[in-house]
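Structures follow.
Next come two complexes, and both contain chain A; in the first it sits with chain B, in the second with chain C.
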Partner chain A sequence: MLKIIHCEFAKLKRKHFVFLVILAALLFPIPMTAMFLLLPRLHDKYPTAAMQFDGMWQSVLGFGIQMLLPCILGVLAAILFFMERDNNTFKNLRAIPVTSKQMVVGKIAVLFIFSIIFCLASTIVSILLGGVFFEVTGVFYKLWMSVLMGIMVTAGTLPLVIVIVLFNKTYIFSVLLCIFYSVLNSFAEFMMTELPKAVVFALPVPLINLWSSNDMQNHVIMGDADDLLMFKSLDLIPSTKLTFTILTVMAFTSVGIIIYLYKKWEEC
Partner chain B sequence: MNDFIIKTSGLTKIYGKQKSVADLNLNVRKGRIYGLLGRNGAGKTTTMKMLLNLIQPTSGKVYIFGKDMGTGERDILPHIGSLVESPGFYPNLTGTENLKIFAELRHMTNQNAIKDALNLVGLPYKDKKLFSKYSLGMKQRLAIALAVMHDPELLILDEPINGLDPIGIAEIRSFFRELCDVKGKTILISSHILSEISLLADDIGIIDHGVLLKEESLRELEKQNMRYIHFGVSDSAEAAQILKTTFKTQNFHVEDEHNIRLYELSLEIPKVNRAFIEKGIELTESHVCEDTLEDYFKKITGGVGIA
Partner chain C sequence: MRSIIKTELYKMKHYSIPFIGVALMLLSVLLTIFTSMANDGSVWDFTYFTEQVIKNNMTTFFPACITLIMGYLITREQRDDTLKSILTVPVSFRKLLTGKLIVGSILSLTFGIVCTVFTIIFNFIAGFPGFTLQLALRGLIQTTIVNLLLYIAVMPIIIVTSKAQSGFLVGVIFAFAYGYGGMFAAGSEFLYNMYPITAALGIVRYRAYDPSVRWNTPLCIFSLGLTLLLSVILILATDNKMELKRSAKKHVKAVPKKGW
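And then the complex of A and B:
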């Protein structure tokens, strides 16, 4: 399996989108740092440099990782999954033999690895900027949370990959699907208190956001402690066990369906 | 069974109501080049895909190296090199980079295998040219390199000379011949170009509308079926009647009003000549001729030429 994953990375050589994905990790830390430095309203909310950094990092997680990353993963999934179809390489792989299951697992492993790299890069850039302009605390927790975020967001984005593979259309259509998925998640996040709990927990971004907010309160200075108290009072905070169970079921079901769909592609 | 590297029994593939391949019994002998001949859409590619387990047969079995492909894919496929339909590679990679990916997936350990395979097909090693910039002929050569780089016992090649220039075709032909004669490889090659198959193959299978109409060695075909006696007569219908009644044979073909081909070579020409003349038929010529493979193909498929 390691060879299959290595080959999946080798196939991405000279694909400029992949380099841009890593650059996209800088997209939010830089403007967020500027915002936390320059906006007086945020200085009132976060009076110390350490609080400002934690607030900035949480914003990077919220915007960059939880909102932007599913879109990036969707487009990357389209590149990975359409590659064999577009280049007519299914037959070469099947004749080795590499099974559909191995192909799908290899490609999904690449998605997880990229996601973790993206999240770590976002946090490392935030830490570097924080070291210059603010005061950085809890580095290891933040790095660990980034890795977890990478894993959780990818697992939660796999249902989107099913839709991309199911429709089997162009890259533009896939980008539209990604945007729709992101908007759907953002909408659910803003309407968390209004929507049924099952719907909130079925969508990865609100689920991960609720779980991570609760987990972070012991490690990070929270800017929105009141919101967290409200979610707790509404019994909207999922336990660690429930969060990981939902995401694991989501991931394994998605992988099973993607393997089934990929097998169908092959025979066409 | 052991004499045959490939053996299929009742191999059938149905798409909707269309029978793409019907009850195919293919027998490919070890160390031979088998040419599968057929028009476009005759079922050659579908057959090859089923042999490689790329598509599942509707019914029937494929045995390769004496093992059932349905259950033994993992053991069988590593010993096969294949080229099916157009060459498929990653356009953003060079030829060498493409082969490296497939070599890694094949767990190949021979460091020189890629270089050797590229040398064999006349492509440069570690060239910087991306696959997307390759000409059709170069793409085809790279596909052949991919098929042979792991030194397989069996090659299954679907129209491998497509896109090659005449010199390239001759080079690849002698390369395949050498693989078979010197290294003892078995090659199943499909083509709709009869001249190529007649120059290359030891055994021939003719497929039409998904049905394998004939399977024979080329030598046997030349000896038996491709030779005939040509008669130029005043009335070919009358002559046909004499062949049926007097000589009890149906093995002939009326070309037009004045020409008739008799494939029953055991009949003595003077006797047939005499019988025609005695019945008042004027005879303008009678001699033994030899069919080209194309003529034979027309006869077998009952239609026009292959192309």
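And then the complex of A and C:
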């Protein structure tokens, strides 16, 4: 399996995707730092340098990771899963032999690794910028939370990969789906109190956001503590067990369906 | 140039791009209806609904989608291996790109009209009050022009990422973040007048009746003018060194041995 993952990375190397993913990780930390430095209303909300850094990092998590990452993962999944079809390399891989299951698991492992790299890169850039302009605290917790975010967001994005593999006609449709999925999740996040609890928990971004904000309250300075109290009063905070169960079920079911669909592709 | 644009429009007939754009405009309106469910104290009428559609289009859908559609249209020549034939006509890649970008502006305007039609239809379905023909016309003008200006705002990304066959997918990610950045730019008067995405709203005087919104139209025009100038420079810097499709080895038919 390690060889398959290594091969997947070697294939992606030609597309310069690793470099661009790390570059995309800078998209939010830099403007967020500028905002927290320049906007007076944020200075009122976060009076100390340590609070400003925590606020900036939480914004990077919220917008850069929870919103942008599903979109990036969708694009990456489309590239990974269409690669064998586009280059007509299915039969060569089957002759080695590499089974459909191994191929799918390898590609999904690449998605998880990329996601973790992206999240860690976002946090490391935030820490570096925070070290220059603010006051950095709780580095290990923030790095650990980034790794967790990477794993959780990828697990929650796997249902989208099913749709990408299912509608395998063009990149364009798959990428549009990714954008729609990201936007739907981000809109649902703004409306968590109005939506039925089952819908909120079925959508990965609101679920992860609710769980992480509860977990973070003991480790970082929360800018929106009142919101958290309101979510608690509405019984909207999922337990760790429930969160990980939902995401695990989502991930395993998705992987099973993707393997089935990939087998069908090969037969065509 | 006219014949290039005409040819591009002919080619469009074979693509599903216009339908994808229409579907996107529909999704944009549907998601706005979805947000109207939020109990945040906002009073929803036709004007507010149209404004929300424009805002959601600006921050979430349109920049990424037009980048995707244009990237797909431009790289299609490489993917279908027709670029080498076009270059031998001879039509330079710069001319072809310019033609395609002009077609993109027509598409943006068309999507604006489609979006307004969906907004009006769903306004009646949702039953928001305050619909008048005058407001509908204002909505049409604002939505259509904003779409065109947003297209100008993302044009440099389209040009830069259109050279590599799958490079436009990276462009889509950047355009998505760039569009979403409009939401943050709204926090500062200088930023929302200078950031090309939000400057598009300033030119059409979006919510100008609200005293807290202070548009500086010359600054907005300057910002988008700079973006357009950057696009022109990028087009002028474009050469014919493109990533052409690698020709696959042709199957050589085995010649049967003669005799025994």
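Keep in mind that, in the parts below, the second predicted complex is superposed on the first by the 265 of 268 C-alpha atoms of A that agree within 3 Å, B and C clash if a C-alpha of one lies under 4 Å from a C-alpha of the other, contacts with A are read in each partner's own complex, and residues count from 1 in each chain.
Keep in mind that, in the parts below, a contact is a pair of C-beta atoms (placed from the backbone, for glycine too) under 8 Å apart; a residue touches a chain by one contact, two chains touch by 3 or more.
These numbers were taken from a predicted model, which means no experiment stands behind them.
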- Larger residue footprint on chain A, choosing between chain B and chain C, goes to C
- Of the partners chain B and chain C, which touch A:K15 in the superposed model: first, second, both, neither? both
- Item | chain B versus chain C as contact partner of A:F180, first or second or both or neither | second
- Task: For A:I72, decide between first (touching chain B), second (touching chain C), both and neither.
- Result: second
- Task: Classify the contacts of A:N92 with the two partner chains as first (chain B alone), second (chain C alone), both, or neither.
- Result: first
- Task: State whether A:L2 touches chain B only (first), chain C only (second), both chains, or neither.
- Result: neither
- Task: Could you say whether A:F28 touches chain B, chain C, both of them, or neither, answering first, second, both or neither?
- Result: second
- Query: Hey, what residues of chain A end up touching chain B and chain C alike?
  - Reply: 15
- chain A residues touching chain C in their complex are 15, 17, 20, 24, 27-28, 31-32, 35, 38-39, 41, 63, 67-68, 71-72, 75, 78-79, 170-173, 175-176, 179-180, 182-184, 186-187, 190-191, 193-195
- In their complex, what parts of chain A are in touch with chain B? 3-4, 6-7, 10-11, 13-15, 83, 87-98, 266-267
- Contacts from chain B onto chain A in the complex sit at residues 49, 52-56, 73-74, 77-78, 80, 82, 84-93, 97, 100-102, 104-107, 130, 146
- Message: Considering only the defined contacts, which chain C positions touch chain A in the complex?
- Response: 16-17, 20, 23-24, 27, 31, 34-35, 37-39, 60-61, 64-65, 68-69, 72, 166, 169-170, 172-174, 176-177, 180-181, 184, 187-188
